[in-house]
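After the structure tokens below, expect a handful of questions from me.
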Amino acid sequence: MSESPFIAPERWPTAITTFDEERISIRGRAVEELMGLGNFADVAFLLLSGRMPSSRESSVWNALLTASCDHGPTSPSALAARVIASGNRRAPEAAVGGGILAIGDAHGGAGEEAMAYIQEALRASKADGLSFRQLAERIVEKYRCDGRRLPGLGHRFHAVDPRTERLWSLAQAQGLYGDGIAIMREIRSALSRALGRDVPVNVDGAIAAALVDMGFEPPVARMAFILGRTAGIAAHVLEELAREKPMRFRFAFSYDGPQVEQPGE
Amino acid sequence: MSESPFIAPERWPTAITTFDEERISIRGRAVEELMGLGNFADVAFLLLSGRMPSSRESSVWNALLTASCDHGPTSPSALAARVIASGNRRAPEAAVGGGILAIGDAHGGAGEEAMAYIQEALRASKADGLSFRQLAERIVEKYRCDGRRLPGLGHRFHAVDPRTERLWSLAQAQGLYGDGIAIMREIRSALSRALGRDVPVNVDGAIAAALVDMGFEPPVARMAFILGRTAGIAAHVLEELAREKPMRFRFAFSYDGPQVEQPGE
Amino acid sequence: MSESPFIAPERWPTAITTFDEERISIRGRAVEELMGLGNFADVAFLLLSGRMPSSRESSVWNALLTASCDHGPTSPSALAARVIASGNRRAPEAAVGGGILAIGDAHGGAGEEAMAYIQEALRASKADGLSFRQLAERIVEKYRCDGRRLPGLGHRFHAVDPRTERLWSLAQAQGLYGDGIAIMREIRSALSRALGRDVPVNVDGAIAAALVDMGFEPPVARMAFILGRTAGIAAHVLEELAREKPMRFRFAFSYDGPQVEQPGE
Amino acid sequence: MSESPFIAPERWPTAITTFDEERISIRGRAVEELMGLGNFADVAFLLLSGRMPSSRESSVWNALLTASCDHGPTSPSALAARVIASGNRRAPEAAVGGGILAIGDAHGGAGEEAMAYIQEALRASKADGLSFRQLAERIVEKYRCDGRRLPGLGHRFHAVDPRTERLWSLAQAQGLYGDGIAIMREIRSALSRALGRDVPVNVDGAIAAALVDMGFEPPVARMAFILGRTAGIAAHVLEELAREKPMRFRFAFSYDGPQVEQPGE
């Protein structure tokens, strides 16, 4: 028998939750107190940001989680979860966890990058005195030069994303319509002009702008989308298990690899 | 080139979400309408059950998601997520999804089985006319005979789980304290008598009883715990990425396998 | 600031791998030595069982991993991995890890249960002196009484699974055809008689029998299937990323939930 | 009831595997034939590259999978898998899949980026006529200017990584020591000169160079590491389930968040 080259780790720090035999405290508040708020999403806000939302922020935050909650069974996260459930019926946590893995750069991940370019534009606006319209054009040009799609704009189905206007009008009604949303509107106009057709801000872009206006940092965009979508993924897994047989996915494919040899034996 | 033995699949049915170019509808309701509710958890209730909660149900449902939201960095789901984040800093969705995978039979999974035995006891109560106390004793005896721990009771840290009393008193205040919670109290008493020491109902058992009293089926227990805990897992991933260096986990271990050979070369 | 109720953990034991600044030893053997074997699968055998395979065992073990390696893009594990890759193009590890999550009770998981009933039958054979044919009939009857499919038999496509005969004839050629395979043949006959039609032993059942004859315990069946299939999943992820656009999955569905309300606003 | 805006998908193409009722063919070869090879890793090579390895390539390929197979219980992938298994004992596939999720940019992911810079340097060498030493210095300088660590070099424990020399000497013995390994040696020298201390090429860098010399593209590096490491992860999951109790991880932490309020109730 031999021992590893490591010693036992020191205590590591956390500012989220602590507990003892009798109590659990989340960001300094007793869990029993939080349970009485009647708004789980506000507790999620507290967990992610370290502070409770104002009632105005709560309204926008709940709306943006709701905007993310589901987009039907063909979204990669819901579909992946259902396919996993079709092979693995005893571990629904594997199906939900697996669905979340599909929330990547092409699905639900645009918000983080959108928050970054919005924040950078707002900083540049202060430093250079450029107008939002000028900044928006600069961003559109930069992505076009790089040959990349602008994250947060465009949608494979929706010519106008119904969630975007709703979220932003709620933000306006709550006094939380700020520079983030304003510059995102300019970016939408600039991109539509550049492409010669109307391009919608999609739900990722809408959420990104609203999160900037509530003071969040970019990594929160991904987490907000994941938390909202987990509700929909869970519903799809329950439906798959309740309505469908195991191993039901039978897609048509065509094989175009090397010619199949006839086995001699 | 050859073709698979399958033809293209038929349309498959779903009762959750539908959409067209202009609209997204969840369980028959426009997403814009749901976004105005100010309560994301109610939309999750709708997704999972097919109906909107009453305001009384909303209060208990939000409380039980909050009760599940975090238990610090040593819970397997939070710890697994942080370890994954320490190796994989560009894919936070992998850390959150991986954390959910730890929500299994030993962690957060007891609620489903607890709902099943509560429902069975309630059915037996109607059929056999046994009292809740008699039924509780039967359940405790059955698990003890099988040499199994009773899911939903006992906790590795808490002598009394602060979340349990709070959830049940909220349910009582909302008129949602029903036979599920009542029988769980009897089970607790019966188990404590059998073991000669006080055993608490843990958060899984508390939620299970409350979900039975709101008319849910057992698989929802796992999904409610997962949804609530996703908020905490997300916070731990953000903290890990913000505060800690990659590859930081260095635990002490001792090797007790076959003696290590000295390589000849 | 407060401290958790835990003290730092003690060293925990492992018998798999140890290392210091200069060396890495796996089950007591220097990794450099193992690298010279020219057979990675043998090292996997060592990792999982604690001993090196004989050359006869190596032949059967490599064959059974190969038998598990892929079954085209419609298998749940490959399909889930491809769907995840379609949403998440920067984290191929998420797609591979997510594909493995589909290897559950209905897909690739039958081997573990099959090993358990084979082992139990072999024990019963020694204890009761029943013939393999009698034992096989007892197993078939038990599953039929419970209304359950017998794990390891039957296949959704293959009337005869080409992998089964090949694996067992390799085992025979290597002198590793033992009671496990023999009793599985009897179970196949018994089930075919009971159902009045030929039912094949599928790859899970074939592997289960071979693993019993090499002295493995049931949990290894799942791990062998996972390890073999990881090669195929990885190939599907690379193909998805190389050949397909993001977000390409567009399946037809029909919505049969509550009627969609027309939003008033 | 309404229908989705999609029609059923067309057949989608694959060049990996096809099957009918009687046969399964992988890259054009009958699975029974591949099962007779006695070398599962060669089949993985075929799956990932579309061709069978030569016997020389097989030797190096098997060695590099073996080099990746395990690094003890403190590696993030093994630790994450064990933590997941401690909460989820009925779904070992969740533990293995979850372990793979930790194979990201900081753990096992450096090979892909290393292959990219090696390939780029080799192209530049042909175009500009620069020596390998000059190219190596350019790469080191570029990463140092960007303030980034050079992927594939350095190790948190090993001053010399025992796997690197072994892999490269096997490649040399097999006539597969090419420009990829040669330039990696120069990069190591250049970095060591720049830092004023010896920096080892780690296993990711060693594999990256060997894969370049066998003609692979960068995404294969991640897949090779994942496939090799799956063997070790599987062994850790089996050991966790066999030797340890559920929910065993109890790390010491210190809470430094907002002061904990005493709940009034």
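Residue numbering begins at 1 within each chain, and the chains themselves are lettered A, B, C and D in the order written.
The rule we apply is simple: a contact is a pair of C-beta atoms (placed from the backbone, for glycine too) under 8 Å apart; a residue touches a chain by one contact, two chains touch by 3 or more.
Only a predicted model underlies this, so the values are computations on that prediction, with no experimental measurement involved.
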item	value
Interface with more contacting C-beta pairs, comparing A-D to C-D	C-D
Most distant chain from chain D, judged by the mean position of its C-alpha atoms	B
Between chain C and chain A, distance of the C-alpha-averaged centres to the nearest whole Å	34
For chain A paired with chain D, centre-to-centre distance based on mean C-alpha positions, whole Å	28
Intercentroid distance (Cα basis), chain D paired with chain C, Å	22
Contacts with two or more other chains, residues of chain B listed in rising order	2-6, 8-21, 23, 30, 32, 72-74, 88, 90-91, 93-94, 97-98, 101, 103-104, 109, 157, 249-256, 260
In the complex with chain B, residue positions of chain C that touch it	4-6, 9-18, 23, 25, 27-30, 32-33, 50, 72, 74, 88, 90-91, 93-94, 97-98, 101, 157, 251-263, 265
Contact footprint of chain A on chain C as seen in their complex	2-5, 8-11, 18-21, 72-77, 79-80, 83-84, 86-91, 94-95, 97-98, 101-109, 156, 246-247, 249-251, 253
List of chain C residues in touch with chain D within their complex	1-4, 6-9, 12-24, 26, 30-32, 34-41, 43-44, 47-48, 58-59, 61-63, 65-67, 69-73, 91-94, 96-101, 103-104, 109, 157-160, 162-163, 166-167, 170, 219-220, 222-223, 226-228, 230-232, 234-239, 241, 243-244, 249-256, 260
